[in-house]
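You will see subunit A twice below: alongside subunit B first, and alongside subunit C after that.
Right after this comes the complex of A and B.
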């Protein structure tokens, strides 16, 4: 108790020095916490934005293989699938059923490549909520060949709502097909992924793709939150597997790039009828997760590098402290303080310095994150995909924060250890005799 | 009863390539409850001898026994415990802990070591000591707010707080004006009488030597006079140390 009191008062003795050292520690903690916070939200925000674009967290794709060995995506009768979704007890917010194609649009000599999603606007009522129109609007989609495109594509083609554009794509069986779209609306640029997508009516897309009017290609289940993605994906996989042929997730499990291996499974297999592929957002975004992990690792390295520098300062400061208080150490040793207690006094000072600095650093980090989070980015910002409602967000993991603080405390103690031990080993007679 | 005994104690300091023999073979005994002065000019070896009695330094040769315990083979931890339990220290430049106030400085030794005095008893005892050294009004003040004489009073109370058998004071008045110095010494003498604590103080000031019951006078690391209440004190150790010590005693060689 007495040692703790002394340690705290000793720290208060040279306020400026304590403040500077504490600030250095705080700075290290602050940088790392902000990076961790960014990495934490990075995955979530990308996932969320991606889930919106792909209209789901968990997906089922139907794949047919023709006699000639060609794969084509199609879901015909989905009663089985809908039952599986029900059986897996998935709390879906909504379910999307889309037909999509990679298409090129042509207008007055200009052309643009994009992915056109055929959407049933009468069912996918959530989609219009997210589309932010610059020109035109949903009205135009009442026309069966209406299409919504993003601003960069509209600029490229130099089109306005009401213009009719030519579309070129391949049908389900691989035939070239040509049709016409009427521009219904132009939306803000939704970033790298969003700007390359367009939305058309599913019935018309099905016509262009030579699908039946009730057919579609991808079933997307939108969950209430990201959290259940893996668990519900697995549950759904088991349910579908029980009633229909599926691509084997376990066979691709150990592959470095799971999703590529899983998506290519059909190439080496032959089957008749429709085989289903159950996958999740996380499968597709595994690489995003890797980027976030890399960021976290980088933050740890930054912390360590910063701290090596800070540690030199701590060691030197404690050497100076030893020298400044040498007579005091001699006095305390004379009146009965053991070596270990002298060492502990120094180590407690270092510990309180580290903890104080760490708390200060965390406070700073939250201020910085709040400040950055307050900046409103425009929706057509290129970093849209990592934003949430146009704002940068941060998510700091408490365990990670604790780990950083523990690392900092351990390194501070390490830096102070040798001067502390030297202080403890001082010969009391020598310490008492030393005049400064 | 003998409480401190030095037998043929020598201390050699290495000083670069040469060696300085600060104490050149000193033997004496100190009786419990005495007010003892180690007198001598600067450089005569007073601090070195007090440090060895205080177990903060070890003799190069010879033995030092404190309260019947030979200190030669004790490890640092045991020496520290001995200092804590049996000895009290008063320094020339006071050496108070600057971050602690008067009361906390006095209490500090009681919070070290394994034994714990109950809080209430502790408070009463510290109150008594503060009163005794005349600092009741100053108990919340830090040392930089006190005069030299006041600081030394705090140091005296701190030295007494563990109820040690021996209090060592190395030139306790050297940093004080002569009037304050006399007051400090009189306070020490008063406590010596009241509590029967053995005081050993060093000084190069001839005026205050007179207050002592037992005077050990040094010159160049040797004893030149060892008198207790007017009689030769060399015989104090006779029964313990034997004839040879007395024959080799610097007292005799200095007188011959």
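Right after this comes the complex of A and C.
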């Protein structure tokens, strides 16, 4: 206990030096915590934004193969699928049933490419809640040929609500088709993905795609949160597998790019009727997770590099401390302090320095994250996809934070160990005789 | 009054029937269509040619694309290699039976594609360079007589037999004096005119066949967009088997 008190007193004696060393440690901890926090929220925010754009966390796609080997996405009778959703006990917040096409919008010599989703506005409540209109609105979608586009597309085409545009697309079997649409509304640009999407009535889209009025291509199940996405996806896969032919998820699970391998399964298989593909948002965003993992690894490397530099500083500082306090050490040893206690005194000083610096660093990190989180980014910001409601968010994992502090403490102790051992090994008589 | 109108209407209908194309009753339109297909089918010979495509878009400078085509119709093989512009040089399509791959030398990867893709932002599609299959893919819905420039023509309205061809309806204008198309109008499933192709009546010899030396494609949706294709370096000599391989595309750059 006396050693702890002495260690704290020694740190307090040299305020400036303690502050500088502690600040170096705090800076390292702050940088790493902010990066960890960003990586933690990065996946969640992208997943949530992507779920909003794709209108679901868990998806079922129906695939039909023609005699010539061409694959077409189609779900005709979904009674079995809806029963499977029910049997899998999925707490769906919304269910979306959409038909879509990559289309070219043409107006008065201007041209824009975008994905047009066919939506049943009378049943789907998800989209109307999300859309933020600048001009026009959902009223125009009561017309069969209404279309909603984002602001950048409207600007590129130079259109206003009420203008009639041509939409060139391909039918399910790849035939050229053209529809005429009326601009019903122009929405706020929701970042790069949002600006590439438009929405039309499913009935008209189905007609242009040569689908039946009740057919669609993708069933999306929107969960209350990201939590449980994989588990619900697995449960749904098993339920659909029990009642209909499905693409085998297990066959692709060892592939580095699961989703590509899973989506390409149909190319090598032949089947009749409709075969279903059950997949989740996490399957699609596996590569985003890899980016987050890479960020986490990078932050750990940054932490180690920073601390190797800081360790050199700590070792040098403790050597100076040893030199400065050499007669004090001689005195302490003369009045009965053992070698181990002298070593521990220095190690306690280093430990308190590390802990103090780490706590200070964490406080700084939370201040920095709060400050960045307070910045409001515009909806058309290119970083929209990584934002949550227009703000950058951070998610710090407590275990990861503790690990960082432990690494810092261990490295600091290691840096201080050799000067501490040298101090402990000093001959008291020699130490007392030393003149600085 | 009705009594008077009845015979009058019947007489009118008879007059229309009599006024129908004199040759129409005796002309074998299916045979004409088959002849057109045959004109572009090199059978057991191989075919290669260079197509220079000049595309015009309003407000933009004309862009030139050059492609080299290699065809082996007997085995349903085709290779399209982009030679210009420099940026896309080395890109290409390889079709073997029903499989089509696109090769991008920048990534060094092949990806599955279709013959319905437009080539390098021009109005020409990959499928425009394969042999014609009008007789196999389309039913003759209607034939009319007409005149295009100084040529007496048949105008065929063709309806797709299957849903896998690009255009659901085609109106084909063919010279009466020989089975050579002068104009092709392509319609969408919703019956909107999408593209007009004019085969200018100057021909180039390809073995024992004659093919149009210049073709003009007009985009009817994007007004002002058009492409002019000029054919050169036509040969029908035997090509090495190695041409119709992925390795050829990889090495071709």
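To be clear about the criterion, the second predicted complex is superposed on the first by the 436 of 436 C-alpha atoms of A that agree within 3 Å, B and C clash if a C-alpha of one lies under 4 Å from a C-alpha of the other, contacts with A are read in each partner's own complex, and residues count from 1 in each chain.
Note that a contact is a pair of C-beta atoms (placed from the backbone, for glycine too) under 8 Å apart; a residue touches a chain by one contact, two chains touch by 3 or more.
Just so we're clear, the structure is a prediction, and the values are computed from it rather than from any experiment.
For the composite obtained by overlaying on subunit A, subunit B and subunit C can both be accommodated side by side without a clash. In the superposed model, A:259 lies in contact with neither subunit B nor subunit C. Once the two complexes are laid over each other on the shared chain, residue contacts for A:333 go to subunit B alone; subunit C is not touched.
Once the two complexes are overlaid on the shared chain, A:134 sits clear of subunit B and of subunit C alike. Taking the C-alpha centre of subunit A as the apex, the lines running to the C-alpha centres of subunit B and subunit C meet at 150 degrees, rounded to a multiple of 10.
By the touch criterion stated above, A:106 is placed in contact with subunit C alone, subunit B being left untouched.
Once the two complexes are overlaid on the shared chain, A:6 sits against subunit B while remaining clear of subunit C. Applying the stated contact rule after C-alpha superposition, one finds that A:359 touches neither subunit B nor subunit C.
Per the superposed model, the minimal spacing between any CA atom of subunit B and any CA atom of subunit C is 69 Å. Subunit C meets subunit A in the complex at residues 58, 98, 112, 114, 116, 160, 163-168, 186, 188-190, 192, 194, 221-224. Residues 1-2, 6, 9-10, 12-13, 327-328, 330-339, 341, 427-429, 432-433 of subunit A are the ones touching subunit B in the complex.
Every residue of subunit A that touches subunit C in the complex is listed here, in rising order: 66, 68-70, 106, 109, 111, 166, 168, 170-171, 173-179, 208, 210, 267.
In the complex of the two chains, the subunit B residues touching subunit A come out as 47, 51, 54, 56-57, 76-77, 80-81, 83-85, 88-89, 91, 93, 95, 97-100, 108-109, 111-113, 158-159, 162.
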